[in-house]
Structure formats: C-alpha cells, structure tokens
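Paired with chain B in one complex and with chain C in the other, chain A is shared by the two complexes that follow.
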Partner chain A sequence: MADLMKVTIDGITVEVAPGTSILNAARQIGGDIVPPAMCYYSKLEGSGGKCRTCIVKVSKGSEKDPRPMPKLVASCRTTVMDGMEVQNITSPEVLEARSGVVEMLLINHPLDCPVCDQAGECDLQNLGYEHGLQKTRYEFERRTFDRIDIGDKIQLHMNRCILCYRCVFTADQITNKRVHGILNRGDHSEISTYIQTAVDNDFSGNVIDVCPVGALTDKTFRFKNRVWFTKPVDAHRNCDHEKCNGQVTLWYKGADVLRVTARKDQFGEVESFICNTCRFEKKATSDWNIEQPTHIPDTSVIASNHYETFKPLPVIMENLALQKANQVELEKTSKF
Partner chain B sequence: MGRKLLLEHINVPGINTLEVYRQKGGYRAVEKALKTLTPDEVVEEVKKSGLRGRGGAGFPTGMKWSFLAKPEGVARYLVCNADESEPGTFKDRYLMTYIPHALIEGMIVSSFALGANTSYIYVRGEMMPQIRILEKAIAEAKAAGFLGKNILGSGYDLELYVQSGGGAYICGEETALLESLEGKRGNPRIKPPFPAIAGLYGCPTVVNNVESIAAVVPIINDGGDEYAKVGIGRSTGTKLISASGNLVKPGVYEIELGLPVEEFIYSDEYCGGIANGKRLKATVAGGSSVPILPANLTLKYANGEPRLMSYESLAEGGFATGTMMGSGGFIAFDEDQCIVRNTWNFSRFYHHESCGQCSPCREGTGWLEKVLHRLEFGHGKMSDIDLLVDVSKKIEGNTICPLGDAAAWPVASAIRHFRDEFEWHVKEPSKSQTSNYGLANYANPIEKKEEEVKQDNS
Partner chain C sequence: MESLSNKKKVLEQKPLNLAERMYLPAILKGLGTTMGHFFKKSSTIKYPEVEREFSINWRGMHSLKRDEEGRERCTACGLCALSCPAEAITMIAAERKPEEKDLYREEKYAATYEINMLRCIFCGLCEEACPKEAIYLDGPIVPSDYLRKDFIYGKDKLVEAPLEVK
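Entry: the complex of A and B
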C-alpha cells in the first residue's frame, strides 16, 4: 500500500489512503465533524458534488503547497493531500454557506413532512433541523409536478425531489438498462422515466432506498404507517437472484411486516442492494430468518419508541421520593 | 487608427472564400508552422505572445496548452468553443460569418501545436448559417490540401469537424461542452480532473474560444514577440469587442487592448457616442455576467484616473469599483434605461439557463428572478434589496461551474451601485411603472477618496 496521507479535519488528525475524499476521511473519524451528504453515495460511481451540503473549507492545501483553497470545496469530490487541514464545523463560513444551501434546498420543497412516508428517516429533514431557518424567506409559489407511478411498486413525488441524481446513477449502474434520467433544465428539471411504465427491472426498487428525501416511495408501504411506530429487525433469506444476498431490514408493526428495505449503515447508505422480490413480495415473517433488532442510533426518532433507555436525571438520584416514583424504570436500567 | 490583426481584411469582397483569403495572405501561418516549426515551437510562440483566452476567464492560452497531458498512445483533442451565448457578446458569430477561414487556419495551427489529429468546432445550435459557412470552408480547405492526411507533405494528419450544440448557454462552460459533444446531457463536470488531463472521451483536451484560436494566426505569421508589442502590460494583442446598447454605431470592433474606455465609447472610429444625444448611465463591460458599472466608474477609476480597455484596467478596484473584461460584450445604457429591469432581465436569462445540477444555482437563480420581477413591477419591499444581496452571496462561489457566479455578480453589483434606483422602485411603485429614474448622479464626477471609502462600508 502506498504511503498514508495525513489530514486534519477540525483539529482531528487521521491517516488515510491516497485518493480518499475529504468526506470519507471525515467518516473514518466519525462523529459531528462528518459533513452531511445528500447526493454523494459511496456505492454509486460518479455521484456527489451536486447538493453542496458537504462543502468544507480547506485552510491548508497540503504540506508541499500550504496555500488555502480559494473557495469552499465539496468534500465528497475533493481528494485529500498530505498535510491538508480542513475546517468543517469549526468554520463559521462553512456553517453559513451550508445553511444557505439548506435554505435553497427547502425553498421549493413542499414541506409536507406530516404526510410524507420518509419523515423520520429523511436526510433533508435532519439537515433542516440542524441548519434550517424557522421561517422561510421565500414568498412565492413553489414549483409543483404531478405524481408519477414508476412501475406498479414505486411512486415518484417530484415536488419533494432535490435532484441528487442518486436514483439516476442507481438505474444506470445497478440495473442493467437505464430508462430513467433527468428532463429539462434548471429548477424545472425533473426525474423521469419518460414512459411511465418503463422501469421494469429486478433491482429498480433500490431507487427508493437511495433517495435521501421522500421523492421515491414504496407504493406497498405508502401511508401504511409512520416509520417511528414500526420496529426494524435485521433478517435474511436465501434469495435465488444471483446479485442479491437477501440481507434486509424488516419493518414490523405488531406481527405484520409493513415493508422491507436494504440494510443501511450509520451514514444512511445501504450495505448491499436487494432485489425487487425480496423488497416487494416477501412480506411474511415465515419468508425470513430473523437475526436481531436493527441498531438504531438513539438520536433517530425511530429509536424514540422502542429503544430508548431510561436515563435518570441527576435530581432523581438525589431524591428518595422520586426514586420510588420511578422505581419500575430504574429497575429496567439496572437490569441491562 | 488602431491596428487590426483579425479583421484587417474583413471588408474585402469574397474574403469568406478560400481563394480571396489566400490572396490576402491566408494560410501562410499553416505553411510556416507545419514546414518550419515544431509543435513545441508553436506553443512557445503563443506563450511569448502573452495571448489570453478570449472566452471570458482570460487565462493565458500558451500556459493552458503547456498543461496538456501527453501520455503515449492516447489521442489528444482540440475543441473550439463556438457556443457563444452570453447576452451582449456576438464577436465569434461575426468572425465565423465573415472570415471563417481565419478560424479554420487557427484550428490547423493549434491542432498541430497540440498534436491533435481530430479537432472539433462546437457551434451553438442557433447558429445554423454559421455551421453551413464553416462546413463549406472546411470542404474548401480540405480540397486545397490543408486538411486531411499528410497536410502539405508534412506528415501531419488532421480531421476537423463542426458539431452543432442544442442551444444551451451552459454548454459554453468547457466541461459541459465536452459532455454535450460526447452526446450526453450538458452538465458541467466536477473539476478536477481538468480537461487538460481528462477531457473529451477521457482524453487530454484543450478547449479554446473562437477568437483565441483565430489570434494564433497573426501570432505565427508575425511571431509571438511582435504580437506582444500590441496592447498594454499583460493584456497583449487585439480584442474583438461586441458593442451594443444605446450607441450611435453598435457592432463588432477590433481594438488594441489599452484603448481608453472613453475613446472607445465616444470616438467616431468606434462607437461614436451615445445614440440620440442622450447621456451614458451605465455599462456592462464584458458580457452579461460581469458586474455593471455606473458611467462615472466606467470612464474613470475611483481615484480619477482614466479606465482603459484591458484585462487589468477593467478589473481595477475589484468588485467594489471595478468590473471585468469577460468576453468583450460591451453594453451601454443611456439615461432612459432602467437598471432594475435590466437586472431582472439578466436574472431571467440565468434562471432559464441554469443546468439544475447543483442546488444553490438551481434554486437561487429562480429566487433572484422572482424577487427582481416583484421589484420591477412595483410589488417589492425594502427588505427585498438586502434579500437579493444575501441570496447572491449564498450562490456565489458555492457552485460547480461559474454560472452561479455569473448569475450572482450582476445582481450584487447592480445593487451596490444603483441601490437608490432599487429603493425608488419600492417607494414609488406606480411611478416606477410609467417613468424612468433617470440618470440621477451616476454620471457625476467621482467624489473624493475619503467619501468613497465611507460609502463602501455602509
């Protein structure tokens, strides 16, 4: 292996292989300094660079050429140099620009989270909470499109789309023929299959998983439930499709499997793409071998109903009366 | 009378044919380069000439050529960017229409210098007549042995193709142009890698403007040092300026760089002053994407020295009091013109032409246009003006390609210099629909330096 490169992100130094992007270097460190990414997807070649939410400041170009980069750069498409110093959350300039990008992403977004199936696991929603304004400065009508059915299992809700191009790359790289692309230009550009029934492919359902917002939704799950009322469980089956390993997450409500998705890692990216049979047709517990409850980070709203452990406030530990009142919960915490 | 290098024979009847063009000394540069010079010597001449890219950015052409990667066994390409679509710029179309062989000759010499055996001229889709003219000129040159296999017995092969675009402004951005040339959607690529490393079909590619390529001809004919004597400082040679707007004689002019702006506007050799006896209010000096300047700052720097037509002089004062050479689309506005309306019109263009790839430009250009529309038609609010400044700041510098900057700069500069006119549109909504704000103080002599500084801070 070639020499490792030393890169410092927000004061934390990490050594990474040459050719690594700043974003992936930050992901190796983890935590708050990882820039958010709406369009970059490590499993899709050529993705990234478009949404501009991952912009960072390069305050020192490299050991050899210490000049800072003149503009903020997209961390997902900028490769690290030895000795590079990057500022993400420590730079007010970056945070300012990022909140600008979030504002731009939201001005034409319908903000229909209350009726959107993606709510609760939506990257744009998370980004909006962290960087968005309480009140919009946009006082015009938002652009609207008609909903389009892409095949009988997927619905495209173009109003919510942020044009990350992930689904286009998925259709291009995962499925064997691309019948899916972008029409038009500028803020009237739209994802389209042109002929609505054209997406017919064993892997087409993956466009739902890669979509960072609620633009592409699973029609078999539409309006069935809110994600935070469902219980995710890792499971697998012996899928006979050569490219599908059958490793999925099942989303339960009571005893029913409401939907099946690919397993996602901590950055919201799927571990491996799954076929449409696993996704849309196997919705009985008997089809699957259950492994374990899916790990959900406790910052996610999905965790709020099922996995939250009781964290007693300091005042409870000091007050006997309160300890008695919370006895059941306190016993639970000591049991684990 | 300024020196003419490109348009010297423009008025000769039949100069668009090979025969007349050769009588006037055409294709001398091809003979000289292919027979007596090596490719590296041609590049060296262009470097010595100090020629700067005429498409807008002003990057030294010789330097760009020397960055071209030359791996063994990989084809290299020269692509001529004739997707001229900047509002206010029409010099390339003029050149291609009237003297197409200047471009063909430049293409042959430049391709030879870069070692490209296939070169393309990417012409904007609307320029159908020019495409026909170029194709005819290529056929003539090929019949005369200047194109094809073993040109002039030198052993050098070159095929030249004209490709029509679809008429998108964004395809004038070099990487979007290459995508379009490959037959894909014209979205700019994310750089790096730059085209000099991986351009057309992943091969090393140079993309040059029509005028830059045509300027290689006089450089080779007379030598780079001779060319460098024309012009001023680092702005060498001559430049085609597309003059439009309220001028007595709008049109394409070839100027020696370093000509005073005042002389360019008012002398009879060039634009002949402002039409209908009006007074100058503002200019856009380099095509719609450069900052607009009021009349007083157009003619003079903030310190009172005269401004010249050159890359450095137009940029003097930075964004606060300067503008840019750009592609040489010189638009003059007289006292009756409304700056708010013009800014809205430019924004409308950028909104329409944004490719929609990256978020700030896709959403922001539309936002700017809508707010400006509201201001222009008398429904604006005072807070809109600061909103425009803020939105343009959020777009600027945060996009993949320079279109975001190009959309933000005209808005930011119009508000910087013409804020009172924007405010007037808010305060007098009905009056602004029927009458003009007029010249106001935009042509007044520039105040003393101390006051200038104070104004910048406010």
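Entry: the complex of A and C
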C-alpha cells in the first residue's frame, strides 16, 4: 500500500489512502464536520459533483504547494493531497455558500412536505432545516412537469426531483437494464422513461432508497402513514435472488409491515441493495426473521417519543463535584 | 380590676324575649337579605341557552377548516398528531381521486380524522403545528355525553360546514 496522506479537516488530522476524496476522509473522522451530500453515493461509481452541497474550503493545497485553492471545491470530487488543510464548518464562507446552494436546490422544489411520503427521512428537508431560510425569495412560477406513470411499484414525482442522478447510476450499475434516464437539458431536464416504459427489473426498487428527496417513492406505501409514526425493525430472510442478501428494515405500524426498505447507515446510504421481491411482496411478519429495533439517531423526527437510553434532566444527573463536596462535609462532621 | 389596654368590652347578656326566642327578628332579617337579591343583577347565566362571550385566546372544540373554495384544507400530514402531548389525534390518509378535486385541496386528504375529546387537553399545539392552517380550536365548550365512544369526534363533527353561496 502506498504512503498514507495526512489531511486536516476543521483542525482534525486523519491519515487516508491516496485517491480518497475529502468527503470520504471527513467521513472517516465522522461527527459534525462531515459535509452533507445530496448526490454523492459511495456505493455508486461516478456519482457526485452535481448538487454542490458538499463544498468545502481548501485553505492549504498540500505540503508541496501550500497555496489555498482559489474557489470552494466539491469535497466529493476533490481528492486529498498530503498536508492538505480543509475547512468545513469552521469557515463562515462555506456555510454561507452552502445555504446559497440549498436555496438554489429549493427554487423549483414544490415544498409539499405535508403531502410527501419522504418527509421525516428526507435529506433535502434536513438540509433545508439546517441551512435554509425561513422564507423563499423566489417569486416566479415553479417548474412543473406532467405526472407520468413508471409502473405500479414506484411513484415518480418529477416536481420534487433535484437531478442528483443517483437513480440513473443505480439503474446502470445495479440492474442490468436501464429504461429511465434524464431527458432534455438544463432547466427542462427531467427523470423519465422513453415512451412510458415501465421500470420493471428485479432491483428497480432501489431507486427509492437512493433518492435523497421524495421524487421516487414506494407506491405500495403511498399515503399509508407518516414515516415518524412507523417503527423500524431490522430483519432478514433467505432470499432466492443471488444478488440480494435479504437484509432489510421493516417499518411497522402496529402489527402490520407497511414498508420494507434496505438498511441505511449513518450517512443515509444503503448498506446493501435489496431485490423487489423483498421490498414489495414480503409484507408479513411471518416472512421475516426479526433481529432488533433499528437504531434511529435522536435528532431524527422518527425517534420522537421513543427513548433508547434514559437521559435524565441536568438537575437529577449525577454531579461528581457535588458528591465529593458532600463527602468532605460528611467527614468533617463525623470526625469526632 | 381595670384592664391595662382599656379595650375590653363587657357585653350585656339580656335574657331573650318571646319573639327572639321564636327567631322572628332573625328570620325577618334573613328574608330581607333574600328579597334584596331579587332586585340585583344575576351573577350567573342559564348556560346551555345563553353563552358567555369567550376571550379571543379561548381554546374550545376543534374545527377542520375549508379554504375559500370550500375544499378541505387538511392533507393528513400528521404533524398535529405528532405534536399532540395527549396523543388524542389519529388519522388515516387517502389519495384524492380526480373527480374529488373540488372536495379536497391537495392530492392527499384525511379519510378519517378522529380526536378523542377525553384525552384532549386543549393545549392548542395541533393548531400551532398545522402547516396548512386546517385546524383551529375556535369552537364552543365540548358538550357532555354519557358514553366514552361518543367523545371520539370524527370528521362529521369536526369539519366545518361549507360556506353557503348566495
């Protein structure tokens, strides 16, 4: 293995292999300094570079050439150099530019979160919550598309799409036949299929999981319930499909499985792609071996009213300093 | 002996006469007080027939609103149920059919919407959470009833009547 490269992100140094992108280096550190990513997907080759939400500032190019990079760079597309210094959340410039990007992404977004099935687990919603403005400054008609039907399993809402191309890469790389893609150019580009060809493939359902917004949603779950009222549970089954390992998350409401999705990691990416049989057809508890409740970070709305660990209020928390002081006082009084 | 403070008052205890022993003066005095109230303004109202004016921040029974075209505003987004500290609200969503366009404002609507008035604490958080301005606690006092099941108010009781076109 070649020499590791030393890169410093927001003052935290990490050693990574050459060719790693800044985003992946930040993910190795983890925590708040990981730039958000709407289009980059580590499981999909060639993804990234579209949405610009992961922009960071490179304040020192490398050990050999310490000049800073002239502009903010997309961290998913920029590889690290030895001695590179990167600023993400420590740079006000980056945060301002990122909120500008979010505003641009939301220009044509219909903001129909009350209706959208993705609400509650939507990357764009989280991003808008963290970086967005309270109000839109856009005064014109939003771009709209005619609704097209791409099959009985997947619902396409083109109005919500942010053109991240993740679903196109998924169809290219995970399935062996892609029938949908981007039509037209520029502001008119849209995800579509040629002459209403239905998306029909064993792995086509994965486009639902990779979609960062509510543009591609599960038709069998459509308007069934809100995400935050359902209870996620990890489960698996022996799937016949050679490429599917049957590791999924079941979303329960009461005793009913409303939805089956692939398991997602802390960056919102699926751990492994699952086949359509697992996703759409196995919706009984008897089909699955239940493992455990899915871990949901308590910043997510899905975790509301569910407590994994008891976190007492500060007033009843253990205070070591106070306990020690009490001990000293007790010794003083009980000495004689 | 003279008292030190000179505040001591010695009560004369005369023996009661016959009228006093029959409570006549006391009864007449009491009746006088009662009669006096006949001519004063009543401090209560006859509630079910007459109602007091509510203050402007009064929170009473919920109503589900309609928009200016008479379509239901609620899209069953579930934020009221999420915010409800008493977990009094439940709903089931449904997709609007093309012919129901003038009934519901958006493509999703609440097929059933139920509030358990026994659980509700009238805190008004549902009103605050609603992104569609669909629910308001602007109704009267929730009426009493005999059976628990009658306190679960469905859409028949909650949705406000459509505006009459004149």
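In this text, the second predicted complex is superposed on the first by the 305 of 336 C-alpha atoms of A that agree within 3 Å, B and C clash if a C-alpha of one lies under 4 Å from a C-alpha of the other, contacts with A are read in each partner's own complex, and residues count from 1 in each chain.
FYI, contacts are C-beta pairs under 8 Å (C-beta built on N, C-alpha and C of every residue); 3 or more make two chains touch, one makes a residue touch a chain.
As the structure is a computational prediction, the values presented were derived from the model and not from experiment.
Colleague: Have a look at where A:I162 lands relative to chain B and chain C in the superposition and call it first, second, both or neither.
Modeller: A:I162 contacts chain B only, not chain C.
Colleague: Touch check for A:R226: first (chain B), second (chain C), both, or neither?
Modeller: second
Colleague: After superposing on the shared chain, does chain C or chain B touch more chain A residues?
Modeller: Higher number of touched chain A residues: B.
Colleague: Let me test your reading of the model: by the given contact rule, A:V115 touches which partner, first (chain B), second (chain C), both or neither?
Modeller: second
Colleague: With both complexes superposed on chain A, which partner does A:V56 reach: first (chain B), second (chain C), both or neither?
Modeller: neither
Colleague: Under the contact rule defined above, give the chain A residues that sit at the interface with chain B and also at the interface with chain C.
Modeller: Chain A residues touching both partners: none found.
Colleague: For chain B, which residues count as touching chain A in their complex?
Modeller: 168, 170, 185, 190, 351-360, 362-367, 370, 387, 393-394, 397-400
Colleague: Quick check on the complex: what are the chain A residues that touch chain B?
Modeller: By the definition above, chain A touches chain B via 48-53, 55, 71-72, 74, 77, 97, 100-101, 103-105, 107-108, 137-138, 140, 162-163, 165, 181-182, 184-189.
Colleague: Okay, in this complex, where on chain C does chain A touch?
Modeller: Listed in rising order, the residues are 75-79, 81-82, 93-95, 106-108, 131-132.
Colleague: Which of the residues in chain A end up touching chain C in this complex?
Modeller: Interface residues on chain A, with respect to chain C: 112-115, 119, 222-226, 228-229, 301, 304.
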